[in-house]
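The same chain A turns up in both complexes below, where it pairs with chain B and then with chain C.
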Partner chain A sequence: MTQWLENLPNWQPYGDPTYFGYLLLGLIPIVIGLLYGRRFQVYEALFSFTFILLMFSGSKWVQFYALIGYIVWQLMLIFGYQHYRKKADQGWVFYSAIFLSILPLILVKIHPVFNHGKMSIIGFLGISYLTFKVVAMLMEMRDDVLKDLRVWPVTRFLLFMPTLSSGPIDRYRRFEADYTTAPERSVYLDYLQSATWNIMLGFFYKFIVAYYINLYLLIPFKHAALSQGGLFNLPTIGVMYAYGFYLFFDFAGYSLFAIAISKFMGINTPINFNKPFLAKNLKEFWNRWHMTLSFWFRDYVFMRFVLMMTRHKVFKNRNVTAGVAYMVNMLLMGFWHGLTWFYILYGFLHALGLIVNDWWLRQKKQKNRARKKAGLEPLPSNWFTNAVAIFITFNFTMFTFLVFSGFLNQLWHH
Partner chain B sequence: MRKRLWLIFGPVICAVALILITILLANPNPKSNYDVEKKAAVATTPQVFKSGVLKRQALSDSDHRFVPFFGSSEWKRMDSMHPSVLAEGYQRSYRPFLIGQAGATSLAQYFGMQQITDQLQDKQAVFVISPQWFVKDAQKQKALPMFYSKAQGLDFLQNQTGTDADRYVARRFVQVNPKDSLTGMMTKVADGKTLSKTDNAKIKSYLHVSNKEDAFFSTWKTADTYDKKIAPKAEKLPQPYNQKVLSQLATKTAQKDTSNNPYHIKNSFYTKRIKSHEAKLAGSQKNFNYVQSREYNDFQAVLNQFAESNTDVMFVIPPVNKKWAEYTGLNEQMYQKSVEKMKFQLSSQGFNQVADLSKNGNKPYYMEDTVHLGWNGWLNFDQHVNRFLTTKQKAPNYKINNQFLDNQWAMYEPKAKDDFSKFK
Partner chain C sequence: MTEDMNVQAEVIAIIDDLFMEDVSDMMDEDLFDAGVLDSMAVVELVVALENKFAIKVPVSEMGRDDWNTADKIVEGVKELRNA
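Right after this comes the complex of A and B.
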């Protein structure tokens, strides 16, 4: 088995035009079926299995076993917890289940820190995105909104090929509803139209814009910055903007592919980016940037943390509660990216930014209330103030991306 | 439904068809066109380096003799005594076709040569070795992707016959590009296995398409270096050719162009690359070492190729700017040791055309900046190369020694006055 796996070619998802060629060829029967309102479940399973297999074949064969082991582990947890949840609902059992489901990810994140950056053998491409899906399911099972789960639907949700490696992060109930009913023809034709457009736009983003930004801006700026050295220099500012845009076009392009292929398969996977650099404040930014991730954190970390703290009356002031929740939320996101100072600082900066942003909005509200009482016009809000707001938000996020990129680490320690 | 589907997919299908037709109609063996060729010859861009079509077009032009000049960043030092300027200005019987820029080390050159093996066969060439390539972590080859194109890898797979050098190169390829689409076939070659029939068919069809692509895009690949940097300078050269006059002119120009620093480095280079962190560079090269490096093995692969193609090559070993070397603490003894090692590797295998300029780093205005020839250095270079290319040379007789592909040679530290008897 291992040898066979090792000898297969390896195809990274959405890596090159050839990949799309094979992918679209494989999709044809699914598309024809859906046009006639039929979903060929067995064929879809085979199709997904083949492309997942090829993601982890060749020199990456270890990851294939890691994936299988991981899925078995999570299925045991989900169904073990479901079995338990029918009878009881104790907090510690729930927390243990959550802990056990994150455990593989924690090990994968910690392993390189103590092993000279070497990856853990239980890791595989997409592990964190799968963990998000499982944790959300466990939480909704405790809320009693998810029940009577069966193995096959859960497996196909977890292993949904188009979004397996890097999202967007879908929710079980939404996905299952899409999957069990084939979309109506007119709706499905809309899907096909938007999918075709998204693939073309994704090509433009990832293979043209991101590629050229990297080649003609990012690499030369990095080169210049490194050769000048020092704590900070002018080319590093170039690296900052170039990297921010590179990250956006690369990842947004990737997300467009994943969404498009989902739609070909009749699944309306949620969007991930919505013009993030036009956000007027940091809160809005997170409603536009890597949306499925930030919504996941909002729903399953932030809201739950706020709720818990309010219920236990930890802080009197609800603004303090929100601030602490921001900090926990964003630091956790930082840790999730990896255990390095720059990821954690990235989370910290965003938490700080969100707290300041909240404070500012509160101040503005108060001022405007006071002005209204005094019969004055509210503070000006026009194209100019909007432009300033966009400018500040944009530059702040660009700076945090510079931190995130890890380039400063390279600049200071190379 | 059908109309809607056509509206959705029709434009994409038409676009794909149009692209395929346009590319497949391109001619990968264009007729000679001196205008295109002379521009490609001095463009010194990665695009030209990667384009088999452009290189073959120029090097097989029967009316104009283009000679491949392999090298790296020095080709960009296009001052008034640059070999391309001199060849143009004095209407020599040859024109340099410059192959390589910063980062084009032996491995990159080797893969680039795979596209022009027919054009190298029994011809002459010039190869500038940069000792700066021979650093310890040469195996990282960070710049290779800049110069590598899939067509080169395919040409290599087609050319290879399973010799030690072929296996060595394939092994290096897998190390440097573990994720490449050709890694599978390269691994087979590295392991000494023969490629299957399907492999060979795959290589052939890939190569067919990528040559078409290359032909289509090569039309836009040349830069305007010729019109901007070569032709105007060639026009200004004093006629007729006179070494003394040229040397005086070189010194005069150089004096003017190196006025803002004590190292005789070109002003613009000094301002852009050194001035802001000059103090930090003092002593910064004390621990540089070019004696032990994987590059010696990669270089051997290049020599194997020249021997296989029976190419008569002149090797040029440039010096470093002495004043700069002293400031940065570069060890001259180490430098000379590495030069000795290279020269032994050359001479012991019958590569006897070597212009060793490595001891000239102190001559006035010999270097344009830190490690690159300029003005008087170019003139000196030109004397060697011109003589080599325009007078009759003895046919080369190479005796390849595959010991030079071993790690033992790469890591060999020559003693003072070493006779390298271990490697004879």
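Right after this comes the complex of A and C.
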């Protein structure tokens, strides 16, 4: 088995145009079936399995076994917890289940720190995105809104090929509803149309815009910045903008592919980006940037943390509660990206930004209320104030992406 | 009927009390878009509603599609009370 796996070619998801050729070829039976309102479940499983296998074949064969082991581990946790949850609902059991489901990811994140950057053998491409799905399921099981799960549908949700490697992060109930009812023909035709458009736009984003930004801006700016050296220099500002745009076009392009292939399969995977650089404040930015990740953190970390603190009246002042919750939320997101100072600082800066943003919105609200009482017009809000707001938000987020890129680490330690 | 009217009046009063916003003339408006609610506020609202009506709101249900207007919140509370 191992030798066979090792001899297979390796195809990274959406890596190059030929990949799409094979993918679309494989999709034909699925598309025909869905046009007639039918899902060929066995074929779909084979199709997904083949492309997942090819993600982890060749020199990456170890990751294939890691994936299988990981899925078995998580299925055991999900169904073990489901069995328990039917009879009881104790906090420590729930928290243990959550801990055990995050454990593989924690090990994978910690391993390189103590092993000169070497990857852990239990890691594989997509492990963090799978962890998000499982943790959300366990939480909804505790809330009693997710029950009577069965092995096959859960496996099919976890191993949904188009989004396996890097999201968008879907939710079980939403996905399952899409899967069990094949879309009506008119809806499906709309899916096909938007999927075709998404693939074209994705090609433009990833293989043209991101590619050329990297080639003609990012790489030259990096060279210039590194040769000038020092703590900070002008080309580093070039790196900042070039990297921010590169990151957007590369990741948004990938997300469009994942959404498009999902739609061909009759699954309306949620979008990940909605014109993030037009956000007027940082809160709005997080409703537009890597949305499925940010919404995951909002729903499963921020809101639950606030709920716990509010119920137990930990802080008297609601603004303190919000501030602490922003810190926990964004730092956790920083740690999730990896255990390096720049990812953690990135999370910290965003938490700080959100706290300041909240403070500003409160000030504005209070001022406007006072003005209303005094019979005055509210503070001006026009194209100019909007432009200033967009400008400030854009530059703040670009700066945080420079931190996130790790380039400063390279500049200071090369 | 009077019971239902009470729920509506209470919800409006709680929102006014917590966020100093009168939503009585915008019962059908998206409260997130209007800047009345955000993730923080929705949790505070839920805790206040739970205390007031002796209900338990499942956290997973507090999504922006189900709890985004005053009308929907009133409906949600009524359903949970009858559950």
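Simple rule for what comes next: the second predicted complex is superposed on the first by the 414 of 414 C-alpha atoms of A that agree within 3 Å, B and C clash if a C-alpha of one lies under 4 Å from a C-alpha of the other, contacts with A are read in each partner's own complex, and residues count from 1 in each chain.
Basically, a residue touches a chain if its C-beta (ideal position, glycine included) is under 8 Å from a C-beta of that chain, and two chains touch if they have at least 3 such contacts.
Because the structure is predicted, anything quoted here is derived from the model rather than measured.
Enquirer: Specify the outcome, clash or fit, for chain B and chain C once both structures are aligned onto chain A.
Expert: Fit: chain B and chain C sit side by side once superposed on chain A.
Enquirer: Just to be sure I read the superposition right, which of the two partners does A:Ser227 touch: chain B = first, chain C = second, or both, or neither?
Expert: After superposition on chain A, A:Ser227 lies in contact with chain B alone.
Enquirer: State whether A:Arg369 touches chain B only (first), chain C only (second), both chains, or neither.
Expert: After superposition on chain A, A:Arg369 lies in contact with chain C alone.
Enquirer: On the superposed three-chain arrangement, identify whether chain B or chain C touches more chain A residues.
Expert: Between chain B and chain C, the winner on chain A residue contacts is C.
Enquirer: For A:Gln193, is the partner it touches chain B (first), chain C (second), both, or none of the two (neither)?
Expert: first
Enquirer: Which partner chains sit in contact with A:Arg174 here, chain B, chain C, both or neither? Use first/second/both/neither.
Expert: neither
Enquirer: After lining up the shared chain so the two structures overlap, which partner does A:Arg288 touch, if you call chain B first and chain C second: first, second, both or neither?
Expert: neither
Enquirer: Contact-wise, after the overlay, does A:Arg298 reach chain B, chain C, both or neither (first, second, both, neither)?
Expert: second
Enquirer: A:Leu35 contacts which: chain B (first), chain C (second), both, neither?
Expert: first
Enquirer: Could you say whether A:Ala325 touches chain B, chain C, both of them, or neither, answering first, second, both or neither?
Expert: So A:Ala325 only meets chain C here.
Enquirer: Would you give the minimum C-alpha distance from chain B to chain C, in Å, for the three-chain superposition?
Expert: 31
Enquirer: Spell out the residues on chain C that touch chain A in their complex, using ranges where they run on.
Expert: Chain C residues touching chain A: 20, 35, 38-40, 42-44, 46-47, 58-63.
Enquirer: Using the touch definition from the top, list the residues of chain A that touch chain C in their complex.
Expert: 139-140, 143-146, 283, 298-299, 302-304, 306-307, 310-311, 318, 321-322, 325, 361, 365, 369
Enquirer: Residues of chain B touching chain A in their complex?
Expert: So the residues of chain B in touch with chain A come to 1, 4-5, 8-9, 12, 178-179, 181, 184, 273, 276-277, 280.
Enquirer: Looking at the complex, which residues from chain A come into contact with chain B?
Expert: The contact residues of chain A facing chain B are 9-10, 12, 16, 35, 58-59, 185, 189, 192-193, 196, 200, 227-230.
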